[in-house]
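Each of the next two complexes has subunit A plus one other chain: subunit B in the first, subunit C in the second.
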Partner chain A sequence: MTGHYCDLSNSDVFLTIGSNNVECHPVSAKWVQKAHDKGATWIVVDPRFTRTAACADIYSPIRAGTDIAFFGGMAKYILDNDLWQKEYVRNYTNAAYLLDPGFDFDVKTGMFSGWNEQTKSYEFSTWGYQVDETIPADASPTGAFAWTTEDGVPEFTPPGNKVPKKDMSLEDPQCIFQIFKKHYERYDLDTVSAVCGISVETLELVYKTFGSTGAPDKAGTIMYALGQTQHHYGVQNTRAMGVIQLLLGNIGLAGGGLNALRGEPNVQGSTDMGLLVHNTPGYLAWPTVAKYPNLRTWLDLETSSGGFYTNKPKLFISQLKEWFGSNATLQNDYGYDWLPKLGSDNDVTTMSTFELMNTGFIKGYFLWGQNPAQSTANTKFAREAMSKLDWMVAIDIVETETASFWRAPDLDPATIDTEVFLLPAALPFEKAGTVVNSGRWLQWRYKAVEPFDQAKPDLEICDLLWKEIVKLYKDEGGANPEPILNIKWDYDIDGKIDPRAVAQALNGYVIEGKKLLTTFGDLKADGSTASAMWIYAGFYANNDAPLDPSEQKVGARGREDKGGLALFQQWSWAWPLNRRVLYNRASADVDGKPWDSSRSLVNWTGDAWDNNDVADFVASRVVDGAPTPVAPNNNAFFMNWDQIGRLMIHSLDMPVPEHYEPFESPTDNALNGRENSPMIRFADKESVKKGTREEYPIAVTTYSVVEHWQSGSQTRHCPALVEAMPHQFVEVPEKLAEERGIKNGDLCRVFNNRGSIHVHAFVTPRLHTLLINGKEVHQIGLPHHWGWASMYSTGDVVNDLAPNVGDPGSYIPEYKAFLVDIEKA
Partner chain B sequence: MAKLAFYFDSSRCSACKGCQAACKTWNSLPSPLGQDENPFTGSYQSPLDLNGDTRLLISFSEVAGGSKGVEWSFGRRSCFHCTNAGCVQVCPSGALAHDEETGMVRVTEDKCIGCQYCKYSCPFNVPRHYGYNDKINKCTSCLDRVSHDRQPACVKTCQSETLMFGSRDELLAKANERVAKLQEQGFERAAVYGGNELGGLGLIVVAHHGIESLSLPANPRISGMVNLLDILKPLAGLGAAAVLAGLGVSFLTGIGYERHKLRYDEETHDIIDDETNEVLAHFDFDEEE
Partner chain C sequence: METTRRGFLQVSGLAVFAGLTYSLSTQTKAFASEVDPDWKLIRTEESTSVCCYCSGGCGLVISVRDGELINIEGDSDHPINEGGLCSKGASLFQLRNVIDPETREVIPNPNRVTRPLVRRAGASDWEELSWDDAIEEIARRVKDTRDATFVEKDKGVIANRCDGIASLGGAQLHSEDQYGVVKTMRGLGLVAIDNQARV
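Now for the complex of A and B:
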């Protein structure tokens, strides 16, 4: 979330789209209701009439997978009806920037300029700005790169800063504002209505209502989740929402923002911690062989020419120092070469993992709190791939479908030689550590009870494994010993691995004397500081009580709400630096005056900043040894090199979000001449088995229900939750039920080329038969929580049906929109 | 009149069933443990009804129509803690009684003799009995928690402030205010339930789609059976054995198994099978007795 849960209480209009927030994030309901009580309007757009829709004021159905058409139409409506926040867009976005004259989009082919047929990806040269001049990096004593000359800082070439050409009147036909406007001219109400299956009246109502938050003193928020991301253009869905919020001036405001709701399995914390293949902890780039063969190329390519990431080398070198300790020196590039590098040919993202198992490249598989035999897309293929493994180690609190993949109903255990180890893990309440919520708030969670029987906390399992591996390497040697033997692993307290020691390492410290740091601003690129996780710097920084979490910011329990905007600055700690609303500079105009004085996050008084929240911009600078306020400027998005919000981008798979149809779609693309996004991942894999709309005419979306959690491993082992939602089901619109002779409660078969499952039918007016491009399309819904591994509640695996194709940026599978057929069993 | 009360606001309820699970957990009420033992109910409502191990459930009712295309109403099904409580009136053993401090209908399980009269006296069809010993099992308002200044388990777990527990007068005032506001917002059928029904209920309901959407009876009345059962009270009070030996035998065995299909005719004093119209039992008694 750019904001946080409590901040929802400040909104004027809510748009829940691609999220079922009261079911999947029940705590959000509390704060939305507070704003609702004050008169806020709540819109839900969803393929199904959900429990969230039941609570909202306005509901619109939508065909799954058409969000970009929906938001493109909204962008057009906002511009046509003059609802955009003009001063905000002009000053805080790249609307005024002139785009390269070679930029083009061909509606007939559905392709942007810059396509490279060899690499099957875009080159970005025509998506960039026209540049006035390039200012060389300033390493003089007062320059942004002065620190690069200090002893111990590795040599690299900081990039020069490009100064883009602008037209502040926004009238130049080559400025982004004009090109953006032209791009969405095709997204008129009638076209969007036909693509999305939403009536023109409902579209207008939703657009008008949400567009009203373009007024400077109004704040609108978008709540989204996997309904937006789980498409082969999921990243562009998210971009589309970001663009809308920039047009309306909603990013950075209390009650505004673009709020990804993340969930109970500490997903915010796990991505922070570098769980994703391409990240180290704190969202830094994981080295690859091709792009970053050595430290110098990493520093050259990753260091930003402007904004905060001019400091990136400090973050990365401090991380290397935490990992390799005194073994990391300037002479050996701080151990960079010891880091395992990702190869360019072996994609090891989740879906690709199963392709590599299938070909025999991956022979062993560690699973930590994950259940892909139930949860990945095209699970049937994933299970068959797993059956080719030599060994698997599953670490979980129960025996999951994956830990027991060999007894899946469609596999024959007698033919599978995989050796499976199941290590029992402790439950959340049986271990201490941190947990991070969707709003980036960290809390220390204390152990309540001892783990059951032989179960151990994950940290302890990891520690035992690591120490044993190191011992084996020392005693017997092995392949690639340097990374293993050079690692600093000193997280024991009183002879036992301890999360408090890990917290100190994450927070960061001056190595000499191990003084904990209160801000990542104090990290250095000269090897004198260490921090495994720069974004958490300050969360555990009380040097007077380093072993007492309750005396740290992460243990804060103050209930005061300074400013009355539900920021609760003293309750827990939000990364980064306890900042509650990201991009809060944009909550005030260029002169630093809040757009709405009743929503003041930051405020320039004429000679100083008077802020309720921690500034997300350069608010002060040390001049002659003293912190001195920095007068307001328009650098409201200083994590970008250009320090502004981007209506159009020069990276990823599209410069501006364009509608394409789901991989398996019930209709042709009515907006351009191309069916799928040209950069769709994995579509060419044999395992995918694409189905046509002639064979499988029914559109389907998958989702969660509040009673169960994800693959159900936890919740299907809780009898009270099983009783509350005991069986898998398919939700069927009344018209389809009538056509196929399906009655409420009937057992049905739902199937496509990848799988076939049996589920009970809920026949309901909450799902819809939509009119899409002139034809009726039935849309059904399947919750995905069931599998065979439970004492209490079992069912077929819904993800057997989902296609294993994905987004080229995030590699997320397209769970949310594909095709099936249904019949009474 | 109850001094404390529950408050349930259907316009805020997201039907997360947290209350349903918390009730089971706090009160150590079991759920079926067999693999796939729970039936498919054909609804998000599960179990479909209260039972010997379920004191509270969230009910679902969906109807096509309204500005959003569907009206999906979520209700709370549990004891209403009536002021004129049929169950209390009929209970021969004192197992059911109004708690003096709070006014809620409390349960003293040790006193329950399993006669199940309460079951037939309740206009809301609430009291159920444990399967293994036939003792009464219904919402106690978590008096064990309340007496230690804690909220009932269901209220404690509620995220959206749908459920509250506190001074009945204050909650009733809050409900009236809320309904006025909902009506302003266009919920024309919004109504408060529980203000005056049966002398005032200990569960005040704000029904934003109207009380019919939550299947609440418009004018709940204590079953005519209560008068009848009242006569049995002195007998039952002597203990279960006395009941079995007395008048009640044929009556109780007759209705014990067929509850949903029976009705009582106040004029003829007949217990009638609703499906077959067969008179299962007839009572001769003098009003003055």
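Now for the complex of A and C:
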């Protein structure tokens, strides 16, 4: 979330799209309701009339997978009807920047300029700004890169800063505003209506209502979840929403923003932590063979020419120092080469790992509380791939479908040689540590009871395994033991591994004397500071009580609410630096005056900043040894090198979101001449088994219910929840049920080329038969919480049906829109 | 002496002994008084926690007596949930303990795995093994696979990568657990590391 849960109470208009927040994030609804009670308007757009829709003022159905068409239409409506926030767009976005004259989009082929057929990817030379001049990096004593000359800082070449050409009148045909406007000319109400299956009247009402938040003193927010991300263009769905919020001037405002309601209690933390192929903790680039063969190339390429990331080497060197301790020195590039480098021969994100297991390339598999035999896309294929593994180690609280994949109804254990270890994990309240919610609040969980029987906290399991592996390499040698033996592993307190010691490492410290840091601004690139996770600097920084989480910010329980905007600045701690609303500079005009004085996050009084939130911009600078306020400027997005919000950008697959159809779609693309995004991942894999709309005419979407959670491995083990929601079902629109002779409660078979499942029918008006491009399309819905492994409630695995294709940026599968057929069993 | 429940938790932070009595569902003043001996929460220690389902971060108050879980409910002081919980949060107690339908006694949830288990090649069921044996066996397999699939150089560049092992998950763990996972897995040379954020 760019804001946080309580901030929802500050909104004037809500748009829930790609989320069923009343059921799946019930506490969010509490805060929406508070605003609703004060007169806010709530819009829900969803394929299904959800429980959220039942609470809303305006409901619109939509065909799953057509969000870019919907938002493209909204962009056009906002511009055509002059609803955009002009001062905001002109000053805080790249609307005025001139784009390369070679930029083009060909509607007939559905391709942007720069496609390289050899590499099957875009080259970005025509997607960038026209540049006036390049200012060389300033390493003089007063320059941004002065620190690069200090002892201990590795040598590298800071980049020069490009100065883009602009037309502040926004009239130049080559300026981004005009190109953006032209791009969405095709997205008129009639076309969008036909693509999305929404009536023109409803579309107009939704667009007009949300567009009203373009008034400078209004705030609109968008809440979304996996309904937006689980598409092969999920990243562009998200961008489309971001662009709408920039046009309306909603990013950075209290009650504004783009709010991802994330699906796990600490998935914000696991994303922060770089439990992902391409990241180190804190969103730095993981080293690769091709791009970053050595530390110098990493520093050269990753250091930004402008904005905060000019400091990136300080973050990365401090991370290496925490990782390798005193073994990391200037002479050995701070241990850079001991980090494993990604190759370019194999993709190794989740979906690809099953392909690599299937060919025997991956032989061993660790699972830390995840259940892919139930939850990945095309689970049947994933289970077959797992059966080729030599070994698996599942760390969990129950026997999941993954730990017991060899017991799957479609597999024969006698033919599977995989050895599976199942290690009992402690429950969240049987151990201590930090969780990070969607609003980036870090909160401490205290240990309430001992782990039951022989269960252990995951950190302790890591510790046991690590010490045993280190011992084996010390005693026996083996494939390069250096990266293992040089790691610093010093998280014991009183002779036992302790999360408080890890919290200190995450927070960061000055190595000399291990003094905890209150800000990442104090990190250095000279090897004198260590920090496992720069964005958490300050959450555990009280040097007077390093062993007492209740005396740390992470344990803070102050109820004060300075400014009365439900910021709760003294309760827990939000990364970064306890900032509650990201991009809050944009909540005020170029002179630093809040657009709406009743929603003041930051405010320039003429000679100082009077802020309710921690500034997300350079608000003060040290001049002659004293902090001095910095007068307002338009650098509202200073994490970008151009320090500006981007309506268009050279991202991976599209410079501006364009509609394509789902991999398996019930219709042709009516907006351009190409079916799927040219950069769809894994569509060519044999395991995918694409189905045609002739074979499988029914569109399907998957979703969650409030009583169960994810793969059900926790909730299907709680009798009260099983009693509340005992069985799996398929929601079938009345018209389809009539056509197929399906009655409420009938057992049905739902199937495609990848799988076949049996579920009971729930015939309902909540799902609609839509008119799409002139033809009727039925959409059905499947909740996805069931599998064979539970004492209380079992069912078939819905994800057997989902296609294992995905987005080129996020590599997230397309669970939310594919094709099946349904029949009475 | 009068102290608010909120202040009480604030001062102590960690588990507090609740020999005093006060309502758990509202923020009331804590004061010594007669205690109903049958009251569910008599002689319990409290600690605060956070729900383990969606990403809302709802606050919990957990009550424990003689080392055993007695009750979990919403933390009324918590600014996000203000004491409320959804159906999943309200049933958190059952992750550890359930009521035996026959005896009406509180028993450990029988679905829970509480001992290390191994399923051998071709077998159709689990075998129990000790933690020591489990760790020793797993470490041996990790080393064998790492040694057999390690890539020291790739296209002439130092790679120090272990191709033969993948790691998945972590979004339910504490951040400190997660750092343990990322450091050990990356430390072995793994690059195939993902978690629920990829779902």
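Operating definition for what follows: the second predicted complex is superposed on the first by the 823 of 825 C-alpha atoms of A that agree within 3 Å, B and C clash if a C-alpha of one lies under 4 Å from a C-alpha of the other, contacts with A are read in each partner's own complex, and residues count from 1 in each chain.
The working rule: a residue touches a chain if its C-beta (ideal position, glycine included) is under 8 Å from a C-beta of that chain, and two chains touch if they have at least 3 such contacts.
Everything quoted here is computed from the prediction, not taken from an experiment.
Contact with both subunit B and subunit C is seen for A:Leu721 once the two complexes are overlaid on the shared chain. Judged by the touch definition given at the top, the superposed model places A:Leu427 against subunit C, while subunit B stays out of reach. In the superposed model, A:Leu203 makes contact with neither subunit B nor subunit C. Within the superposed three-chain model, A:Cys55 lies in touch with subunit B and out of touch with subunit C [touch as defined at top].
Look at A:Gln33: by the touch rule set out above, it reaches subunit B but stays clear of subunit C. Once the two structures are overlaid, the count of subunit A residues touched is higher for C than for its counterpart among subunit B and subunit C.
Of the two partner chains, subunit B is the only one touched by A:His760; subunit C is not. Once the two complexes are laid over each other on the shared chain, residue contacts for A:Ser793 go to subunit B alone; subunit C is not touched.
By the touch criterion defined above, A:Leu601 reaches neither subunit B nor subunit C. Within the superposed three-chain model, A:Val750 lies out of touch with both subunit B and subunit C [touch as defined at top].
Residues common to the contacts of subunit A with subunit B and with subunit C across the two structures: 26-27, 30, 706-707, 718-721, 724, 790-792. Contacts from subunit C toward subunit A in the complex involve residues 6, 9-10, 12-15, 47-60, 62, 64, 67-69, 72, 77-82, 84, 86-88, 90-92, 94-96, 98, 108-124, 126, 131, 134-143, 145-152, 154-155, 157-199. The touching residues of subunit A, counted against subunit B in their complex, run 22-23, 26-27, 29-30, 33, 49, 51-56, 58-59, 61, 705-707, 718-727, 729, 744-745, 760, 762, 764-766, 790-794. Of all residues in subunit B, only 11-12, 14-18, 20-21, 24-25, 30-44, 46-47, 54, 62-64, 67-74, 159-161 touch subunit A in the complex they form.
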